[in-house]
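For reference, the structures are reproduced in the following blocks.
Paired with subunit B in one complex and with subunit C in the other, subunit A is shared by the two complexes that follow.
The block that comes next holds the complex of A and B.
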């Protein structure tokens, strides 16, 4: 074992080793669970009943069911819609625009905006779900404040436009992360560089696309990586707002997984869904990580 | 230059408008929480009072608050202890395979919790851990890649020369760790503790599948159960409950605002 020749460490290697042990054990358990999820996906294990004890191997049946039965592909599509519009377009773009327009701005307006978008980020998921269910119901804030005074019939947004409402709720909830990340990224660009581009006659669009974006590219990739993974597997907000409904309109993969595993009790099929999710998330991560490493 | 001023005024106007939209749900929340006869409308309280808050801390709701505190503080404390015990050796020793292990942690951090939900439930059921202890253990395990990486990074910033000096003065390993290393990485440990506390406080999915009776619900599941229930919705109570539930998470952030920035820097994907 190599060491830096620090006697208080080298004479206590045993104690230090004992210290690492619990963490090693827990990481081992996590890896073991992951392996287990893979193994379960080839069984017909159930939550209750006979098949919760006398389960058997069923080969690729569960994976076949992903594509032959209704549910998985629809959920995948809903998830892609949700990730694309709420995270990639909504949070990222809005976060970037906010970071760019608040850059160099000081004073109460900036503080006010930062605090208000941070509040969205900080409130627990279920509080956000309650707020948005209450404000978008047929007697809620939007109807009372805008729709009814304008002389229209109240609209039950949460029911009639469920997917759009949860998408907007997630933009409200999550933009702060992208904002903070882009704000830090923009701060790292020197003012002289942008001034120089301005002097050389670059338009605002050229300054953004040819100077700023290439510099903050790693930050964009990092941001994409995190928000895609989070949003792809995000469960509480949508579940508490709609439960996946009405019908299956807002049943993203995380909710589909929950419903199949714990409402229907098909743990084997549920595991196949989680394996599929892990593979998709893994694939997306690889793409983003490549984007992160590639030299500009 | 005139157009520049007009332009910036328009930007300011748009930003103000956005800020108003962003905080309007909170305005609604506050007004309803302090209205004892709330109807869920955006209106000045007709019978202002703190009755809703009293209701939200008594009976089942009070029990749920305590459950949340137990789960969040338990998870944070256990994570920090396990993280320190492993983070210090990992930071100081050149153990073979250390880098591979750290990279494995980075990858595990990306792992979505829902992906291992079924095995976690299954294992907890078999081990008789479908209770708060089970939630604490499961959350600690799921958070460990994150806390361990963060703590290791904080220990890396403690100069080893100070430890050397303490050793020369005759301090033992135990004394070096408790009197030199831990005090110097106090800020980092606090960040990790509060960060884990907040994420366990907000956690919904695990308690949802682990907690079987209303007595065992933390606030996340309690709030969900209360507004998901059919029938008349008591907006005033739910608003007060939401405020009490959200307050610790928000308070932690504003208390640690400066420290958190260094924390975020420490968890970059550099590993």
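The block that comes next holds the complex of A and C.
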């Protein structure tokens, strides 16, 4: 069937033009910034000083430095750890388990759990950073409530286990998204289908792996796509909690990019980092988009 | 149809008009800790001119990066407060307006100290008027020193004396026995309060062997005994003797975390500067304890040298902040008028005295009230043997590399490896010909 547009809109090119203008503008701005970062990744452009106005082309020097100088590969590894454990395993798996467990539940307990999950999502990043820093310091809540009463010496979690702490903080912060998405996906599966699988003798594991997961496969891929992109480029919570430290222990690529571009003032190298990030996230997105395709 | 189209166009126009903000005549960006100087100045300016000022108060953490980015992007305010080390970098990029001509017509300009105006100059022009200068020292918590049995007044002669005291503090249960700033999160503070103070006392001043830059040749020093000894000091403090954990260097709000730790008697020795006489309680001077109360709680001592042959006995380096005018300010004369309102003697003098800041103008420093202040008199003695940063273009980059180096060493990276990374990064930034090594 041929799609019929709004006749008033399609017959009035002036209004159509005005309507489409913001979209064109947005696309133009996105393309401009991408092209800007790509072009300047081949320069020695600086944030301040003479090189901010008299920059020169340096070929592939910045990209070479990604692999020959300390920083990029280390941050890439930290980012992979952070994305895998906080987003893919943490948020996604926890979100799915919570959505499946609470599916049949009604009443106050479910409301309380949902409100708790949502609070993490709703609290601003900076507030969350203060909360987690205060909770995990050597005089924080965990030590005061658990470690010290049990007779152990207080542990400075944020200092001694910084990457684990920011990973857990991000799981707490972002699980709500996966939970909501999986809840909606599970609600879309008819109870008759599950009952039929039960009647056919399918075990619980078989019902999950052979019935539920294939049906919600597009939702899983969509969730993975979003949380991977968000977490890969995530900055505020981790920067506010640790600034990438101690040392470089929590310096994800987003923080490495910030430090190189704005603290060291090397915008050319910073652009090369952003191009590398774009390629990595783009590659991961392609994998997820393939997962989204219906099986032939 | 035409009416409908007109309606849509009208609504679009109304929406666009609605989003436009009423424009202020002039704008200013400043750090929150300077509010007690800037805000009365703004009020006086508004009263005198009838103009409205758009005051943009920003957090101190990350302030340098924000100012640099806004000036580079063309979105900075007409008047900007900036750390003095940034002036040459920003001026060389053409982001700042020279003030010489405008200032020459201002009767109070004559009182500024020449040396401090030099720090805020580039290519023979002044680009910022200094708010204050400072000296650096080791602050100590007297109750912790008493607990650790360390004699007061504390007068360490070498780094070893400092480390011995810190070990006693650690043994007495003080968590941050020697809080030596490190890492990238606190920016310039890590370079100045910790690294450069140690570096200056790590070797002889001859040929600038105790600095980051050979000022005569203009070459950056990529490796030297002084750099090695300084990084080894960080290694000793953070790894070998474990005199402090790193977490204060990476706290969500570092300033607040340090103040809280000091108030809770968790810090033994704090490497910082003269502003702490107020900032340990409140940088804007609100509800400060009396002089006697402060003296009973904390003390300070000059940073000793390393004890190496030929090295200085005590060290000091001074910085300070400035206020300048954006080269893109719509009305530079009006912008400078706001600067003079902030620095008008009455406002400037009362702020300097109330916050125990080191004066940058002779009409204030020679006033009886300033000269009678016992703290300022003692701190000013340190300024007799001080030096400035290497405020040449490129310093910001080098300072960021230094911060990274201290963070890496504090995190356990071998000093040799960190020094090699530092050297290579300098070569990347400035070229082989602009980097030297001292044996």
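FYI, the second predicted complex is superposed on the first by the 273 of 296 C-alpha atoms of A that agree within 3 Å, B and C clash if a C-alpha of one lies under 4 Å from a C-alpha of the other, contacts with A are read in each partner's own complex, and residues count from 1 in each chain.
By our rule, a contact is a pair of C-beta atoms (placed from the backbone, for glycine too) under 8 Å apart; a residue touches a chain by one contact, two chains touch by 3 or more.
Please read all numbers here as calculations on a predicted model, not as lab measurements.
With subunit A as the common reference, subunit B cannot sit beside subunit C without a clash.
Once the two complexes are laid over each other on the shared chain, residue contacts for A:190 go to neither subunit B nor subunit C. In the superposition on chain A, no contact is made by A:111 with either subunit B or subunit C. Once the two complexes are laid over each other on the shared chain, residue contacts for A:246 go to subunit C alone; subunit B is not touched. In the superposed model, A:70 lies in contact with subunit C only, and not with subunit B.
Of the two partner chains placed by the overlay, subunit B and subunit C both lie in contact with A:15. Of the two partner chains, subunit C is the only one that A:50 touches; subunit B does not reach it.
Looking at the shared chain after the overlay, A:138 reaches subunit C, while subunit B stays out of its contact range. Ranking subunit B and subunit C by residues of subunit A touched puts B first.
After overlaying the two complexes on the shared chain, residue contacts for A:206 are found with neither subunit B nor subunit C.
Superposing the two complexes on chain A places one of the subunit B stretches 2-10, 20-28 or 128-136 into subunit C: stretch 128-136. Overlaid on A, the two complexes show subunit B and subunit C touching the same residues of subunit A, namely 8, 12, 15, 126, 129-130, 133, 137, 240, 243, 262. Only residues 8, 12, 14-15, 18, 46-50, 52-53, 65, 69-70, 126, 129-130, 133, 137-138, 156, 158-160, 162, 240-249, 259, 262-266 of subunit A touch subunit C when the two sit together in their complex. Subunit C meets subunit A in the complex at residues 1, 4-5, 8-9, 12, 65, 68-69, 71-72, 86, 89-90, 92-95, 175, 183-185, 187, 245-247, 249-253, 393-394, 396-397, 400-401, 403-404, 407-408, 410-413, 421, 424-425, 428-429.
Looking at the complex, you find that subunit A touches subunit B at residues 1-4, 6-9, 11-13, 15-17, 19-24, 26-27, 29-34, 36-37, 40, 45, 98, 101-102, 109, 112-113, 116-120, 122-127, 129-135, 137, 139-141, 144-145, 172, 180, 222, 225, 229, 232-233, 235-236, 239-240, 243, 254, 257-258, 261-262, 267, 270-271, 274-275, 277-278, 281-282, 285, 289, 292.
Only residues 11-12, 15-16, 18-19, 22-26, 28-29, 40-42, 82-83, 85-86, 88-90, 92-96, 101, 104-105, 108, 110-123, 140-142, 144-145, 148, 160, 163-164, 167, 171-173, 176, 201-202, 204-205, 209, 219-220, 223-224, 227-228, 235, 238, 242, 245-246, 249-250, 253, 264, 268-269 of subunit B touch subunit A when the two sit together in their complex.
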